[in-house]
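In the two assemblies presented below, chain A is common to both, partnered first by chain B and then by chain C.
Right, the complex of A and B next:
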């Protein structure tokens, strides 16, 4: 009896501690970033920092100097980030929305599954691969009619748009499919055609879900780093035309951190803080929309419908209403002409084309080199050699994957168990933990990199190491693991728990023998997707783990480049293009393989579990 | 049936997209693609502080006590030497600048004011765009035996060969090896020890521009003891200031830092091992431009001149 009690207690303690670690991680990111940026902000002045449009850092500026000789204003980059985000939203949002409609309502049943997993695959492609694709395919293409070499707002928006599309598609699709079937059937019964029912009724009911998906897309676009650095041109300028070089906030950090002086470094960390604030706002908006409005909008209530209604009341006779009438009229035309349907099918086809194009182009260019150049994959690394081998990078990547999962899976799992099995729903502490995890999820990867650089790297002797990089990415993985584990724990029916408890099993026993096994497929796919994430990320590693391919690592204290970082380096150095293609192929194979595996496992285990019942 | 239809649509979509882009390729001279490095890079500093219009205006200068940069907003800023090279190598209308040591046959070097960058022109000062390559160690902790020994090796004449191999200019003059106004740092004799000194791996961190030189030096040192460089060193290049921080945070005495701009920091011992010139590069297909004056470079980099045809090279 006593031993069971002790077990129960220790179990509960461990779960609680894990949850506390999550909160500490979030708090640490904010606290350290603030601590590092406050002296710089003090010196520069918050107003001058945010609204100054002159970024001319001086490496020799120090805090003890009486005056700064450099200027540190990030307004141009804030505008750049916003412009790129809007551009991405226009392209990726529209495309994603119509693709979601296509998959939900127009896609032939046989192809539906293929399209869904294709969108998932697009989401899994590493951002360096998108950037690389931008350099080798998109820029030369745009250069044909651009006044410059193609880089600038258009190229950035296109690449970012493609990158946020999967996010928009998957969430929009879910909310479209969540609209009760009776809405569609009702519309048909009233005489609508298929397209009229879809665009007149169902999409309206799913409006807030779609909006939420767009907001999430904005979050992703704001925080994207590597792909943007590779195509934006990066000059500190307003993005005043489609083809002018400009810089975004994330690019500022990743470009200058390595060469920054004291004040400059503080200003770069402060740039990270500004990014965090943006993400915070996006998160809050997302929370407001998804929680309050999704259900409400279906019934015609909720935040957004309220806002819109108020608008209608106050500005009834204004120009706005006239516009609205016109738009409504135009919308009717759309419905009858089925332009929407055409757009949906077009978007779906286009999404498929893009995937084939990105993967196909890189495979055709890169795969042959994997066979003709065995040294690339299996060669021994030599400092002096002109011949590139990515074997050390592959080993580094594997080491990182292994250790980061070892760290973050137990913590994430325990936190999820705590949240779902022990916590009372409206407890203040629980709200904090949930809020913390939601926040972690939105933090841009370059901010993790900065955090890792000023904490872990400094702790471990001041030089980058695989350990420092692994710790950084471990924190980054936590929210994904916690969230998806919690989801799958939630999906386990309460009757199973109650049955187990009624038979006399303790809580721990119930969790480990009944709940966890039932939730296994979800947890497994979360872990596999996390592996994919570690392989795909590059921004968190550059300043924590290392940025050059070096000798095969023998311990976690060595520094080296992961595959994604290696691709970033190789793509920059013009004379290793073939090797870069081949590295991209290896990356794609790894990430896509893991994605497929996750889907397979989830599917198989689900079937098995259903069979058991 | 539907599947077939879809596939047809898919295929035609690909073809149209490809076709449209293929056809739009049009003639006419394009603008110069100005490729530069970001502010803070040592290469950019060396370039910006020399390029002038001849009337006292430089690409980087103090205006009312504020550091101000005049490189055009339209410039394509690249994070590393390699990125600049690949941009210039792939774009017929591009111009850029990189470390002389990194020059290879994928791009063409242009003379500046009629002078080609070389050991003689850099040392006698007739080629002005130059900066030192600096080796840094911590002054607050005792170096491990092996790190101290490698430092001796770097300070010896052995560096001359490696500098040559890497295309940078070796500094033999003790006065020039130290910062201005400080005690001269003489060239030392390096004697091979009877066995490899103890202390484990040496961590090398810092400027990307010094990659070639330090790799040669590391291999050269390792081969003296019958080892390979990767057995003795951990190499990471993330920029001069990262190297500097690594040296300042060095607790084990095993960090060698690299900087491609002169170093005056507390807690750091440093010496200038060689000089590097910043070479102006254009695309190999650019036969028009062989020489540029500083004033022409100034006009190009400030965006005043946007076409190569406006310059009689």
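Right, the complex of A and C next:
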């Protein structure tokens, strides 16, 4: 056997192994979560767990005890999660939909790019920063007319709504722009105005794509943790008014995992499993819709339109039809009165304002402290000092970013190469890998945190460490890296591969010399965005890496708080508001800087690949 | 100049016996036998979907890339059974291919041409420089491109890109050159240049070209094969095919009654 053949075989083996690792990661998450939760569910009873509305755990409850002295029912939290999701969908869905229409059809051409990257920036802001903004801006504002400090369903829905908006916008925008231009032109040729054409034909044709974007938004809202924890109040109660402190499923895990007893810990992992089930259902629905979305957008088919049609048939004379008539009549008015256009423009402007508000408010409040308090950035950590320094956190964050990319980029890249360059379509193994990647992508960050706690932390001596946190986030990064790499590999024309093969080059040489360099812009921006993600995340770290700022770490076995976790700590304690502002500023600069860099690099490299004339 | 190492000496003529090819359930080639002589230009003509490109791609086994493609029959290049125990990459080095659309790699002119030699282990600068210059001269492009060897190949015009792709194939020192409608995306002037080039190249190489353009076949080809619906209808010297076709279908096609 000659060396080329050996190279080819080794390459293919490595790519396959990477893909298998992805599958193992998914399987491990599900298996470990189930193993940890089944004893608790046995003890509590599945029905009592899901439909019991009393959550008062007892830390002394153990599996070997004959009876439990605490109660473990999570119904209140389930209702809380659903209520917050509905609220977020009402706010973020409406806002996102109209913003998408605005960017696609009403925005002046010159501003279009700015608005699109603005939406990307909104998506990049860490969830702790949103939560912090909620604490220092939204809650005091709401407190003016609320019976309490402002926390509760309204604040949660507002913050969550803003957070899911970018998701809704980007997918809706894509499907709106995928509608054939001939629809719009056809409407104009019949005498429609611009707005009548947009709202009469284009938005209707993009219906299932927009629905898919809303479903994806629901998934985000269900799994969101830190921002909600910071504004919901977190009492175990039903969300029966706009300003009642309540608790969601994710919050339940974060609030109690740190000091949970044996049964309690099992119940919390089980809470994670329930969350996972919710997200899985949402993902399945999304998968079903999005497959048909673009096609259905054009043909007016798709899962949801079928469901709606069935409803029309069965409930012809009910109250529902009357409502529909009313809505239809109202829609007619929208068209003629151009209210839709107004809403679109309003939403676009509002989205811009929010970005400026969040960033501006935190900068104005926080930036001065960065300059007047050098100890904050450059000081040495002292155990008994009142003065906070975030230097250890910055170093911890950098260590995490470096190692997690070292782990997940090679595995992700190799998996993507396997999927795009080696996989034959519709092979069973390929379907499993793709399914695994899709599943990983939907798992909420707090579930990763739980998984990391019951596996990596347990493996590495039972205490949290930077290593355990890094391993956790590495798995979390995989789906993003695999997907975006695969997208960029797909965009490399087959004619280049054929050209290389026709010259006698083997598959490995073709991949490394032709395909990967051509896909580099996409891959680079995926890597940079992953860096941003590591910096922004906090839920996966709290119980794997630690949540207390301590002395500058000297090894990966030390425990410490990343910047995002530090912000959560500082804002929760209430003593160090100024320091929290300053930390938020550093976080925003890092994350937004990386976002901009990603766009820049992708653009620059693309230009270079297009050829310098 | 250091020669690229040969393990298997490939001849320059192609002979095919009883070739059948299926894409899934669809039979794209039906029982084709043909002898393609060395150092001549052979043209494959026929309407779209007749199987001529598919047949061409059997000679360097590019059909291996297509899912669900099944091939039967005997394919020999010189004395070598190319569907037997051979190194496919080495076959493709010896049987070069130029595609319908120019496909320069997103790298410099120099790196494009050096790609093939580098693949087969030539790394010395002096050797590569020599091959690049020789190939560009062979493709009559040296004077045009010698000052922009380090510029991206994507900045060239369509015609230049296609000739660069020919030079790139030549750099691998092939015995046979397959050309799949190489001028269909080009303007008449670029087409003329490429036809002149083929005239020059056939002194050393066997050329097989697929073309839609019957005038092109009469201008450049020594032999012509007419394909229809996966069958080889008629094969002979270009003069015979175009002046006294034996088959009625050939006559109807070349007189423009269908196509």
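The working rule: the second predicted complex is superposed on the first by the 598 of 613 C-alpha atoms of A that agree within 3 Å, B and C clash if a C-alpha of one lies under 4 Å from a C-alpha of the other, contacts with A are read in each partner's own complex, and residues count from 1 in each chain.
FYI, a contact is a pair of C-beta atoms (placed from the backbone, for glycine too) under 8 Å apart; a residue touches a chain by one contact, two chains touch by 3 or more.
All values reported here derive from a predicted model rather than from experimental measurement.
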First (chain B), second (chain C), both or neither touched by A:191: neither
Partner chain in contact with A:502 - chain B first, chain C second, else both or neither: second
Touched partner set for A:569, first chain B, second chain C, both or neither: first
Touched chain A residues, chain B compared with chain C: B
Chain B versus chain C as contact partner of A:513, first or second or both or neither: second
Contacts of A:493 with chain B and chain C, given as first, second, both or neither: second
Chain A to chain B touching residues, read off their complex: 55-59, 67-71, 108, 110-111, 140-141, 143-145, 147-149, 151, 229, 233-238, 244-245, 247, 254-261, 264-265, 345-346, 349-350, 352-353, 356-357, 381-384, 458, 461-464, 542-543, 546-548, 550-552, 558-559, 569, 571-575, 577
Touching residues (chain side chain C, partner chain A) in the complex: 60, 62, 65, 67, 87, 89-94, 96-97, 99, 101, 103-107, 115-116, 119-120, 151-155, 165, 168-169, 172
For the chain B and chain A complex, residues of the former touching the latter: 2-3, 6, 9-10, 13-14, 17, 21, 24-26, 30-31, 33, 36, 38-42, 45, 62, 65-69, 71-80, 82-83, 85-87, 89-91, 93-94, 104, 106, 201, 203, 205, 208, 211, 215-216, 218-219, 228-231, 233-242, 245-246, 248-252, 255, 261
Contact footprint of chain C on chain A as seen in their complex: 2, 4, 424-425, 493, 495-496, 498-506, 509, 513-514, 517-518, 608-613
